[in-house]
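The structure under discussion is supplied below as structure tokens; questions concerning it will follow.
Each chain carries a letter (A, B, C and D) given by its place in the written order, and its residues are counted from 1.
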Amino acid sequence: MSAVDLSVELCGLGLKNPVMVASGIFGYGTEYADLVDVSSLGALVTKAVTLEPREGNPPPRLCETPAAMLNAIGLQNPGVEVFVTEKLPALRDFGVPIIVNVAGATLEDYVAVARRLAETEGLAALELNVSCPNVKAGGLHCGVSPDLTAELVATVKAACPLPLITKLSPNVTDIASIARAAVEAGSDALSLINTLLGMAIDVERQAPVLANVTGGLSGPAIRPVAVRMVWEVARAVPVPIIGMGGIMTARDALEFLLAGATAVAIGTANFVNPDTAAEVLKGLEDYCRRHEVARLSDLIGAAHQY
Amino acid sequence: MFNLTPTVVSREQVTPVHVRLRLSAPEIALAALPGQFLHLRVSAACDPLLRRPFSIMLTEPATGLIDLLVQVVGRGSEAVAAAMPGQSFDIIGPLGHGFPLAPSGSQVFLVAGGVGVAPLIGLAEALAEAPGEREIFSLFGARTESLLCCWLELAERCVEFTAVTEDGSIGETGLVSEALARRLQAPFPGKRVIYACGPMPMLTAIAAIGREADVETYVSLERWMGCGVGACLGCVVPAAAPSVERYLRVCKDGPVFPATALDWEAMPR
Amino acid sequence: MSAVDLSVELCGLGLKNPVMVASGIFGYGTEYADLVDVSSLGALVTKAVTLEPREGNPPPRLCETPAAMLNAIGLQNPGVEVFVTEKLPALRDFGVPIIVNVAGATLEDYVAVARRLAETEGLAALELNVSCPNVKAGGLHCGVSPDLTAELVATVKAACPLPLITKLSPNVTDIASIARAAVEAGSDALSLINTLLGMAIDVERQAPVLANVTGGLSGPAIRPVAVRMVWEVARAVPVPIIGMGGIMTARDALEFLLAGATAVAIGTANFVNPDTAAEVLKGLEDYCRRHEVARLSDLIGAAHQY
Amino acid sequence: MFNLTPTVVSREQVTPVHVRLRLSAPEIALAALPGQFLHLRVSAACDPLLRRPFSIMLTEPATGLIDLLVQVVGRGSEAVAAAMPGQSFDIIGPLGHGFPLAPSGSQVFLVAGGVGVAPLIGLAEALAEAPGEREIFSLFGARTESLLCCWLELAERCVEFTAVTEDGSIGETGLVSEALARRLQAPFPGKRVIYACGPMPMLTAIAAIGREADVETYVSLERWMGCGVGACLGCVVPAAAPSVERYLRVCKDGPVFPATALDWEAMPR
């Protein structure tokens, strides 16, 4: 059998393969450059960028739980200006599509960041972080309401011509209704899922482990929830989905693709094995060969026909 | 920084809860500086999920061997400590910034608390081998005598070694920080440097002692880690006031910090 | 130090200890009787009972996921009449408080079951399953709405004088608002959490693993979500909480107690280790001794004072 | 039913993917009936979480030893197969209902597919030892010769043993169910009983063959299990029409069922 076509089409971006790295995992790309061939990724999503610099939450910021971890980083970032002038040049050098994860506390914040990024060369898309569960204002409150999500999406869309990907929070009763609101308001694609809201208690100190009390749960433990949400959203909206949540192996990535995701993002698994993206890509190619699938994109949503 | 799977060549049970592992890792042995660490994968399954950080105790560039000293405190360290010769580990390293070496002529205090002795043994070796002369004192604190793991490795590289146990079972009785304060009372005309590694309350005390005595002090911190390479911002500690950043990453900006670079008031336990 | 007082007070039930077995895990009690000293439990919660017999979902009904499992049993049970006449007598013989988990497809169903149980001797309480995620009608739809939950609680409460425990679904945006609605409508206590809605895909067959497509995620993976919800609900309502979700050890149980639960229930862990409840109880006692806590009930909610 | 932690006394690599473990478990050796199984904890960590069911292959009540035959298909079976002598396992068992023994004078067909041979070896032993006489035929199907694990254990307990491989590398070529159908064509005046264990498609075919030939047929099924003791209702298969229950539990009502008790149309793969 001849070479497998691994490319996918994601809201106007032709990605050479569907394996990306999720927001918040690779920082701004350089920390992992010694260990990982960043240029072989389908795309790279940055850590969240806000208008002003943010110092983030006090420590402890992370802890481990069964097959998962909790984090409460709290949007620590140098602000959009420093991002564009100091971080982006190195990122661009990798030669992969750069998707900037955008967060804010107010609508105006988001718009200001989007405008600044609209003037910036070499970006592939924005990923709108409406779902970061760790910051009281702007984060969770917006992503759990269809109306607020729609307003935010429409406003940011108007401020920036780049393709807009909305990243959804899983901490909602009905993910499909939020997805529909985002798409109707102009979102070109969706990312899901962000972390589940959780917490851990240090029983010796009789106090929450994280200084922020609650944090975002990520890693293989959450995969069944993520796959279910991708499945539901794929039935509800026509736009492409970037699936993530606990992907450790090609088999896991296939669950998302078969459930309807066009691309996948590797998050927590990078901490465990920095080669995860490369191994997933290799495994997807092997799977396609074994199942005689010429184009990986033929697998997208295939499990809905069962 | 490498991602390797070195093999265990020997294993020694040093105390009931401490194991010394020797790994064959030539790249690490050549590149590592004292105070740097490795990020070890402790399970092939999803639980425990995250890697665990361990200091590089000693390196032998000529043979490519490196030594780790592992204290069993939970499931991850238990899995590492259980490794038998022939087994291999997935590691990332060397990571972080090591200890800056004190200049020739200085008086050096190595202050270890428990398994925190590991990086200080490598530091003692590097200080002894570095050009010039230094007077190396070491103080090793533990709850009780049997927990003074690998103390000989430290003692033989110093002009003076003091054991300090909380229960007085050997050496001085009390806390190692108190013993350090006593040592510092003896005047010394030249430069003095303190290097400390151990539990946070000990480091906090030593930072205060160093500040009061106006002695340059370096501490090596332990924090839970995600990535280990500076990307996730999960392992931070608060920086002292003049820093541009409110938080510093233990894995990348540390694990060794000048004590004055940190905000000890806001330091989590 | 003298003996630790392990007893807790749960809406009028004085439990000799706070360790129960969760609904759906022990069947109707007899299957595990060879392996477990059922009489040492704080209480036993039955598998869901409905008005009519239910055959349940087609298989496959369960599969394993990282640190968790998915189930879609679908309320298989012999109906309330057979339960009362054939199952209950053996259960009563264990001499522990019996809490009956009640499910239904309509309000009338619930009321009929509650009435039948009201006439029955030897029951400690009802646990209202408003949250079973596997049955389209009555299950998920009711538990995600404060109004529907309140209506159901008030109606069942009027039909049966037994203490009423409402079991909440975690698949909601705001668990505290549902908890408040249940308590205002008369619920004497709350159980949380039921399973998270998830799914798994068999990538070789390219189809969902479970015949029901989605299932309920349980086990240690979900513990951080459960602890967070108990924490939030404990701040929102004054009634006692039975905490559950991934408890494997005494340490895990302590997370729930410190977060505000008055009792805990062991679910999936029983499949892994049938001795879990006994080991948890032993561990709680040891912890109290070590921390010089004379009454275990002093630990309830202690982490809120951190 | 016991919850025990028996120790592995020996381990034999039977094929590249099959391991035979001998455990010291006197309670099980005394109580178990052929066809019953054990529920093994495969990890002390939370992943893999659930126990895994394994048939009891042979028991030796006199010595208290029992044998398991383990095929490596995933992480759980890999962990079991990797067990070394001295290691112990947390098990629950014996569980489920075993095979009812065919009466004296009957002709018996033991039909194994792959690792499904395990319970049939114990059954062959029990049939041979039971009072009376039975003519025991066995047929063992596998993809290729090297996968005919422990075939001698089966063959030596039967009057006739037939290997059937899909690739024809040994014995008859094709599927073991086809080979069974051929055997049944030879007329026999007395009672005949078929016992089968193997993959679901094989069992489905054999159930049909048994029904057509009007031969009493017992199948031993495999399903994912939660509790293993009948409590969770997770392992069910559809019952044939006259049953009061729509679903039967493999762990408690089975794993051995009369083929006629099951609804083969609705059977999941």
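Throughout what follows, contacts are C-beta pairs under 8 Å (C-beta built on N, C-alpha and C of every residue); 3 or more make two chains touch, one makes a residue touch a chain.
The model shown is predicted, which means the values in this text are computed figures rather than measured ones.
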Exercise for the section: Determine the set of chains touching subunit A that also touch subunit B. Expected result: C, D
Completion exercise
Note: subunit D sits from subunit C at a C-alpha centroid distance in Å of 36
Completion exercise
Here the gap between subunit A and subunit C, centre to centre from mean Cα coordinates and rounded to Å, is 34
Handout entry: CA centroid of subunit B to CA centroid of subunit C, Å
Key = 46
Fill in the blank from the handout: Chain-centre distance (mean CA atoms) for subunit B and subunit D, in whole Å, is 55
Practice task
List, in ascending order, every residue of subunit B touching at least 2 other chains.
Solution key: 46-48
Exercise for the section: List, in ascending order, every residue of subunit A touching at least 2 other chains. Expected result: 66-68, 205, 219-221
Practice task
Classify the chain contact graph as line, ring, star, complete or other.
Solution key: complete
Fill in the blank from the handout: In their shared complex, subunit B is touched by residues of subunit C numbered 66-67, 220
Completion exercise
Within the complex, subunit C is touched by subunit D residues 1-3, 41, 46-51, 90, 92, 223-224, 226-238, 245-247, 252, 266, 268-269
Fill in the blank from the handout: So, in the complex, the side of subunit C touching subunit D is made of residues 24-27, 31-32, 34-35, 47, 55-56, 58-64, 66-69, 71, 73, 76, 205, 211, 219-221, 248, 268, 270-275
Exercise for the section: Using the touch definition up top, name the residues of subunit A that touch subunit C in the complex. Expected result: 65-68, 70, 144, 171-174, 196-201, 203, 205-208, 213-215, 217, 219-225, 227-228, 231, 246, 251, 254-255, 258-259, 287, 299, 302-303, 305-306
Problem - subunit C-facing residues of subunit B, complex - result: 46-47
